[in-house]
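What follows is a set of structures for review.
In what follows, chain A forms one complex with chain B and a second complex with chain C.
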Partner chain A sequence: MKPDRTPLLLGAVLAAVIVAGLALPQWLLFILTIACAQGLVVLGLNLLIRAGLVSFGQALFYCIGAYAAGGLSRGFGISDVFVQMAAGIASAAIVAFLLGFLLARYRGIFFGLLSLALSMIFYGLIVKSETLGSTDGFNVAKATLFGVRPGEAWVRYSVLVAAACVTLAAAFLTHRYLKTPLGGLAPAIKDNEIRVEYMGASVRYAIHVNYVIAAALAGAGGALAASTVGHIDPEMSYWTTSGEFVFIAILSGTGSVVAPFLGAFIFGAIRTMAYDLSPNTWQMSMGIVLLAAIVFLPDGLWSLFVRRRSA
Partner chain B sequence: MATILDARGLNKTFGAVTAAQGVSAAIEKDSVVGLIGTNGAGKTTFINMITGYLKPDSGSIRYEGTDITALAPRDIARLGICRSFQIPQLYSSLSVRENMLMALGIMLHCAGRGGFFSFSRPSVPGHGAPAEEVADRILERFGLADYRDRNAQVLPGGLRKLLDIALTMAAKPRVLLLDEPTSGVSAEEKFGIMELIMQAVRAEGATVIFVEHDMEVVSRFAQRVLAFYDGRVIADAPPETALKNAEVLRYVVGSPHA
Partner chain C sequence: MSQLSLVLVDGVIYSAWLFIAAVGLTLVYGVMKILNVTHGSFYALGAYAGASLTGAWLAKGYPPMLSYAVLLAGALLVSLVVAPVIERGLLRFMYAKDEVVILLVTYALFLVLEDAIKLVWGVNPYFVAEPYALLGSFEVGGLKYPTYNLILVGLALVLAAGLAWVLRATRVGKLLAAVIHDPEMSRALGVNVDRFYLVTFTLGCFLAALGGSFTAPTVSVVPGLGVDVIVLSFAVVVIGGLGSLPGAALGAAIVGLLRSVSVHYLPQVELFVIYSVMALVLAFRPRGLFGLAEPRKI
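Up next is the complex of A and B:
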């Protein structure tokens, strides 16, 4: 058996972020933290994609996580980023547990559109709610860590380090999960559900579990984004946000639990550059990148590393 | 011999079509039973009712004394009743070995082994060894070891059939239902494949029920024959008697002398 190098790789990435973060400009720290937030969502989305299910509604859980964090901040004055992420995880997981009974029955386009519809219903609910700030949303106070409020110049860095720790821990746990018999079932579900059922396993149960884990990860990502950006609004549940996650998932590939973070970082970097270079046509640049990724790297960015290793 | 599977008065209709009409059969432990009959005679319906894919309109199925009539396919599979398919049901994007490992992984999952906190390689229930070893052992037994890294999608028809049956071995079946194990396989290969299957199954010690159209294969391998016609069992006897039955000759074998 090949030695499992993923934990080592995750540790190396964490160390690199902690060290390099000290020297990086503020805007890059911001992009890296957002990449952690989006990477968490895509890490979960990949669990579903591996089972052949593309969710166009992960923004639902991203938004739930963000509003859970925002609610804690506004309602209770809790701005600890770890507590906020825990709240994001819990609230998204509970909602996914309930919705999962419905979603786990559907496959293919029906699963995709149903998940999209649910996120748009949530969008509609927030827009109509004045308490939640309607279309404007509301501001989230600057993050604290274990009750300590970092100095102005250190907020971005300390949030990034906290985010990287949580994110890479989540990646490690997901990696472990994929090695369990239940986590490893996804490709079989994608290929042949009949066979899975006739061997004695419940496909619906496996999908339900993956759906809840994916939602929990998205909830953590949403809470992190809320604290990092300092503002939340219903757009976080809009279908284009889900589209971005699918974009990043395609860009990264499902080859490794590290891939979503690399994909999210490159996505953020390209978007920032595209916006800088051509503020009016940045979407076109993004479209070209997606097209190139699909044509030249159908298995995502991660395939670059895999090919080199096997060659 | 003890009865392992007892089907009583099974009826099943699909609209105007009667697929099963008072089908009863008591299958003895460790026996090999051949199901024969023309297309639409009710053989696959019988298998589908035993494995839970179809629920009979009336009648009952008992497995070792337990009523399994209303159970879902996966619960029946967990009891040790497994099936192969007329069209092999494989994990087509995975290699032969990965297919086997996936089947064994499902066994670990069903037994609650190899969970999140287990860092050692768990042994597969019933096999007493980790999945990798069991996979190689089963593939060896089915003559698939040389193809282990081949993608299941591009495997030749006969080997796909073998892999389909090899996958069921992961579950250590007590009763194995094979739906046309040699269909789509050339006449020369048929006996070889059946021989391989029966040897592997005997090594594991399972009761076998197989659907077959080739009467030579049936008379060679079956200890008992159930002949189906129009949803009914028209003969239930050892092959030498059953294949000479006037009704069987007329409706199943299609002999011009009958």
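Up next is the complex of A and C:
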């Protein structure tokens, strides 16, 4: 058996971010932190995609996480980024646990459509609730870490380091989860559900667990994004946000737990560049990139790094 | 007159609009099993083409009564130009792929078209209110409604009847049923399946564009117009049953009336109600109210 190099890779990425972050400009720190947030969501989305389920409503949990963090900051003055992420994880996981009983019964396009409908319900709720700022949303205070408020110039860097620690820990745990029998069930579910049932495993239970983990990761990502951007609005639950996550998932591929973060970073970088070069056609550039990824890299960017098995 | 009749009139008008905007989606899904996200782009394309062509028509001083024909021509023009390019140039190479992958391809195309529209028409809003005001108004319960709304209702009825007639009573409709049921067998029997796909896709996109162009006189045509329409028509079509024509009509009626009721009595829950119904239908009848059971596949 090949030695498992993923933990080593994760550690190297973390060290690289901590060291390089000192020298990088503020805007790049911002892109990296957002890539962590989106990467967390896509890490969870990939768990579902491995089982053949594409959720077009993952923005629901992203948005729940963001509003949990925003609520803590606005209602209780808690701006600690770790506490906010924990709140995001908990609230998203609880909602997903309840919705999971329903969603675990669906496959294919119906799973996608039902998750889409659920995220749009949440969108419809917060768009019309004035206490949450309706369509404008509200601002979230700058982050603190363990009760310490970093100086103005250090906020981005310290949030990035905190985010990198949490996301890479999440990636490591997900990686371990995929090695367990339950985690390894997903591709089998995609291939043939009935055989999985004959082997004695419960498909619904496996999907339910994956769904809750995916939601918890998305909740963490949402809380992190809220604290980083400093503003949240209902758009975070709109279908276009879910579309972006699916986009990143397709771009990254399900080959490794590191892939989502690479994909999210490249997504952010392409978007920033496209937006700088021509603000009116950045969506077009993104669309073409997505098409190219579907046609030329059906297994995602990660397939570039995997040596082809000799025939 | 009670408020109830106002709710009813609003509901009928909104349902008619929804049906026109959504029926093309169910057609394309029913025949090709493609959940077409570019549907919203074609809605926006139709709105822009209708608004700019009608604006030019009226600026030249041509008879304003014919502006309705110009709206129609605008929708026809954009869909005949753009839809075949998409189907022949890209989608036909994707048919072997998974349903969800094709959906993503249309999502990518939606992103591309969104900006293509900005490149062609710019980012400033277009207004053409003349066709809306031209026909005067009628009164219900002391409230004036523009007669233009009746055109929408009429158009929805004509479309529903026309599509039902083509699908049920003509040779083309019967061939189409064969293509839906088993494309490979139809091909073996000499049916030109590729042409059916091309025509269906173009027709579906034309219906979206038609919805857009006939809405253009009632709103200001701005970028991002089609984004809301996509999820809304998804909801309509899913409630009725993906791929079912009577389903689309029923879905439009349900969503239209619900929206009208909630706007009149409890405006805070408008969007919430629509998508809750979509989720409820999916929870209890996943294939929609009119959906057909699919034989189990292993």
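The rule we apply is simple: the second predicted complex is superposed on the first by the 307 of 311 C-alpha atoms of A that agree within 3 Å, B and C clash if a C-alpha of one lies under 4 Å from a C-alpha of the other, contacts with A are read in each partner's own complex, and residues count from 1 in each chain.
By definition in this document, contacts are C-beta pairs under 8 Å (C-beta built on N, C-alpha and C of every residue); 3 or more make two chains touch, one makes a residue touch a chain.
These figures come from a predicted structure and were not determined experimentally.
Colleague: Quick one: classify A:Thr240 as touching chain B (first), chain C (second), both or neither.
Modeller: After superposition on chain A, A:Thr240 lies in contact with chain C alone.
Colleague: Taking the superposition as given, does A:Ala117 touch the first partner, chain B, the second, chain C, both, or neither?
Modeller: A:Ala117 sits against chain C, while chain B stays out of touch.
Colleague: Does the superposition put A:Ala15 against chain B (first), chain C (second), both, or neither?
Modeller: Touch partners of A:Ala15: none, neither chain B nor chain C.
Colleague: Give one of first, second, both or neither to describe whether A:Gly184 is in contact with chain B, with chain C, with both, or with none.
Modeller: A:Gly184 sits against chain B, while chain C stays out of touch.
Colleague: Identify which of chain B and chain C touches the larger number of residues of chain A.
Modeller: On the superposition, C touches more of the residues of chain A.
Colleague: Please work out whether A:Met286 is in contact with chain B alone, chain C alone, both, or neither, and reply first, second, both or neither.
Modeller: Only chain C; A:Met286 stays clear of chain B.
Colleague: I'd like to know which partner A:Val196 touches here: chain B for first, chain C for second, both or neither.
Modeller: first
Colleague: If you stack the two complexes on chain A, which partner ends up touching A:Arg176: first (chain B), second (chain C), both, or neither?
Modeller: Only chain B is touched by A:Arg176; chain C is not.
Colleague: Once the complexes are superposed, what residues of chain A are shared between the chain B interface and the chain C interface?
Modeller: Looking at chain A, the two contact sets intersect at 192, 194.
Colleague: State the interface residues of chain C toward chain A in the complex, per the touch definition above.
Modeller: Of all residues in chain C, those touching chain A are 35, 90, 99-101, 103-105, 107-112, 114-116, 118-119, 123, 227, 230-231, 234-235, 238, 242, 267-276, 278-279, 282-283, 286, 298.
Colleague: Which residues of chain A touch chain B once you look at their complex with the stated criterion?
Modeller: So the residues of chain A in touch with chain B come to 1, 176-177, 180-182, 184-185, 187-188, 190-192, 194-202.
Colleague: Any idea which chain B residues touch chain A in the complex?
Modeller: By the definition above, chain B touches chain A via 51, 73-75, 77-78, 82-83, 85, 89-94, 102-103, 105-110, 113-116, 132, 167-168, 170-171.
Colleague: Residues of chain A touching chain C in their complex?
Modeller: Contact set of chain A toward chain C: 54, 102, 106, 108-110, 112-114, 116-118, 120-121, 123-125, 127-129, 192, 194, 239-240, 243, 246-247, 250, 280-284, 286-288, 290-291, 294.
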